[in-house]
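Naming follows writing order (A, B, C and D), and every chain is counted from residue 1.
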Amino acid sequence: MNRFLAIVRRDLRLALRQGSDSMMVVMFFVLTCILFPFGVGPEPNILARIAPGVIWVAALLASMLSLERLFLTDYEDGALELLATAPLPLEFVAMAKIVAHWLTTGLPLLIATPLLAILLNLHPDGFWVLVAALLLGTPTLSLIGAIGAALILGARRGGVLLSLLVLPLYIPVLIFGVGAVDAVIGGFPANTHLLILAGMLVVALPLAPFAAAAALRQALE
Amino acid sequence: MLRYANPNRFMRLARVLTPWSAGLAVLLTAAGLWFALVDSPPDYQQGETVRIMYVHVPAAWMSLFCYVVMAVSAGVGVIWKHPVADVAAKASAPVGAAFTVITLISGAFWGKPMWGAWWVWDARLTAELVLLFLYLGYIALIHAFDDPARGLKAGAVLALVGVINVPIIKFSVDWWNTLHQPASVVKMGGPSIDGSMLVPLLLMALAFKAYYIYVLLVKMRAEITAGKVRALRLRQVHGTA
Amino acid sequence: MATFSGDGLTCLRGETLVFRGLDFTVPDGGALVLVGPNGSGKSSLLRMLAGLLAPAAGTLSWDGQPVAEEPDEHHARLHYVGHHDCVKPVLTVAENLSFWARLHGPAGAAGARLAEALDRLDLAHLRDVPGRFLSAGQKRRVNLARVLAAPAPLWLLDEPATALDRASVGRVREAIAAHRAAGGMVVVSTHQDIDLADPTMLDLARFSARLAPAPRAGAEEAA
Amino acid sequence: METASLGEWLDMGGYASYVWPVYGIALAVLVGVLVHGLRALRGEQTALDGLRRDLPSERESNGEA
């Protein structure tokens, strides 16, 4: 277990030392949301109607953009080979890197949500359920995205390819993430949506590291 | 039992089967078209547009069928490391994508007269659109590597992950659709399929399956021969030192 | 007395056959030196021994027990040094090494072993220098110091002497000799001659399917 | 024959401009994929035969047909 934590700690230290990376992801998240009023118009009621959808799509894109380099830096400088020959299963290595990625990019997105809720005139009732849905949804995004990040190692034009592979798989998380917020704003309880989001997370937790490790093994052959 | 990627038994079998499967495909297609276009009554509600159903519904079945075959052969390739299985997955992807495109186009041509719009975010059409992107993702991934064998193995993992996600996507799109569904939209499938429509539907479905087997055999033989050409070229390059 | 052996190893890269029917054994304190022209599969064999590349056929065994059954146990026994020197530019040399040491060996006496490893490869003065300031040779030595920082009986070194000056090659030779004296094993692939004491040579050209037609008369299909 | 005359059949009860394109596009897509496969097969086979002529000395070591 402490080997697992050692990898997480190293990745966190790497991310913090290059602090700009996670900041850039949050800035991308905020900037994407800010674009919509220019496109759709600043009328408050329109913005209020689309706010949950816009915030979720932007969170999805931000999380996916930061995933390309999840394994790439270690793959290029040979660290991935050594991690693969370390005495812990490759699935744990993948899980450790996914946890580190979520802590450095998934979680920081939540810091920006209050600002965006104000900017996009999100209905006040919907705020806390949005945070809850993001808390449940962003780990799933990191998990599914990690499979794509492992698959594109050694591929040409990995970044674009990653989005093509991963975005279709993000759709269920998007549907229930936005569904939860819309339900609460509409006055309905959102616990079914949150439960389904939690269900997806529980399914993704064992499957994603397993699939990512299989893809990593191929990349290292 | 390891055979170094020289699936000769399959190649000999495929060479024999190809002409027969071609003949079967032509026969079934002719029969299917005859019943679909000529020898079946127009629907009392949809009129002649029901004939679009005879392409749309079998194609939708095939788009899912091809993806499942792709995932199963990818799984066999991963577990038993059999090269022919990976080749089968690579060969059935474009065919599946073609059927998905046909489903979407025929769905649009059916929607225009019935609902007045080329595209409606109906649950089945939306799920089909996502399936198309699963196919395109797989095809893009297997061509993104210099070494074809590496591409096939990466594609296999994606196909397996994809096949797990297809029901999840179907469930969430259906749920999403019922939430946003305007009451007036006629269900995509129209009324339940009555007797007279069954014959053309099944015949067209069989025609599509025969076509699929025929194209699969052709594409797999092409892919395996390409593998041999690459091996010989490498041997030519490195040659006996 | 542990022995590390492989029999009938076959390596398939993509669709081309690299080598087949390769056997070897490395006793305690032994040194196996891989020689052969470029492309004969030296690196592939080392990666296979490290568990990175699954053999298309044949088995690797440690004391008779197949390695494939306990990959993590096998990984705990070995250090692999590949072509890349993974020194993170933002982390200092000490941080780099202590991470790998914690990943491999038990935590006890890590500090002492780390200091000793740095001394053995003349890196003590670079202890707190971030990786981005190091030269290629220094990065190579840090990579080799990683092997010393955590004990492991089996060393798999892929051309350890590249980018090293004469003095460093000498230090590497001493480190290997000390390791073998303590009962460790080494499998090295090298072009420059590190002249280890009584090495067993393994010429991969003999097993390479590409460079010579089937090495043994009537090479039957591997069942 | 349900529809009496050919013209009436072609008209498809007024939906001709929807039914026929569907069958046309479906046929085009399917035949396109098939032709692509057939051409690839023929191309690879000629390449293989060509290479086999250039490497006559190559003993078919691992039993390729």
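Criterion: a residue touches a chain if its C-beta (ideal position, glycine included) is under 8 Å from a C-beta of that chain, and two chains touch if they have at least 3 such contacts.
The structure presented is a predicted model; accordingly, all values stated were derived computationally and were not measured.
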State the chain with the largest centre-to-centre distance from chain D, centres being mean CA positions. C
Which chain pair racks up the highest number of C-beta contacts? B-D
Let me have the rounded angstrom distance from the C-alpha centre of chain B over to the C-alpha centre of chain C, please. 47
For chain A and chain C, what's the span in angstrom between their mean Cα positions? 37
CA centroids of chain A and chain D: separation to the nearest Å works out as 43
Just how far, in Å, is the C-alpha centre of chain D from the one of chain B? 15
Give the residues of chain C that touch two or more other chains, as numbers and ranges in rising order. 17, 213, 221
Touching two or more other chains - residue numbers and ranges from chain B: 4, 150, 235
Chain A: positions in contact with at least two other chains: 221
Complex contact set, residues of chain A against chain C: 2-3, 6-7, 10, 13-14, 17-18, 74, 76-79, 81-89, 220-221
Chain B - residues contacting chain D, complex: 4, 6, 8, 11-12, 33, 37-42, 47-49, 51-52, 55-56, 59, 91, 94-95, 98, 101-102, 105-106, 109-110, 112-113, 211, 214-215, 218-219, 221-222, 225-226, 228-229, 232-233, 235-236
In their shared complex, chain B is touched by residues of chain D numbered 1-2, 9, 12-15, 18-19, 21-23, 25-26, 29-30, 32-34, 36-38, 40-41, 43-45, 47-48, 51-52, 54-55, 58, 62-65
Okay, in this complex, where on chain C does chain B touch? 10, 12, 14-17, 37, 39, 56-57, 210-213, 221-223
Under the touch definition given earlier, write down the residues of chain A that touch chain B in their complex. 147, 151-152, 154-158, 161, 164-165, 167-169, 171-172, 175-176, 179, 196, 200, 203, 207, 211, 214-215, 218-219, 221
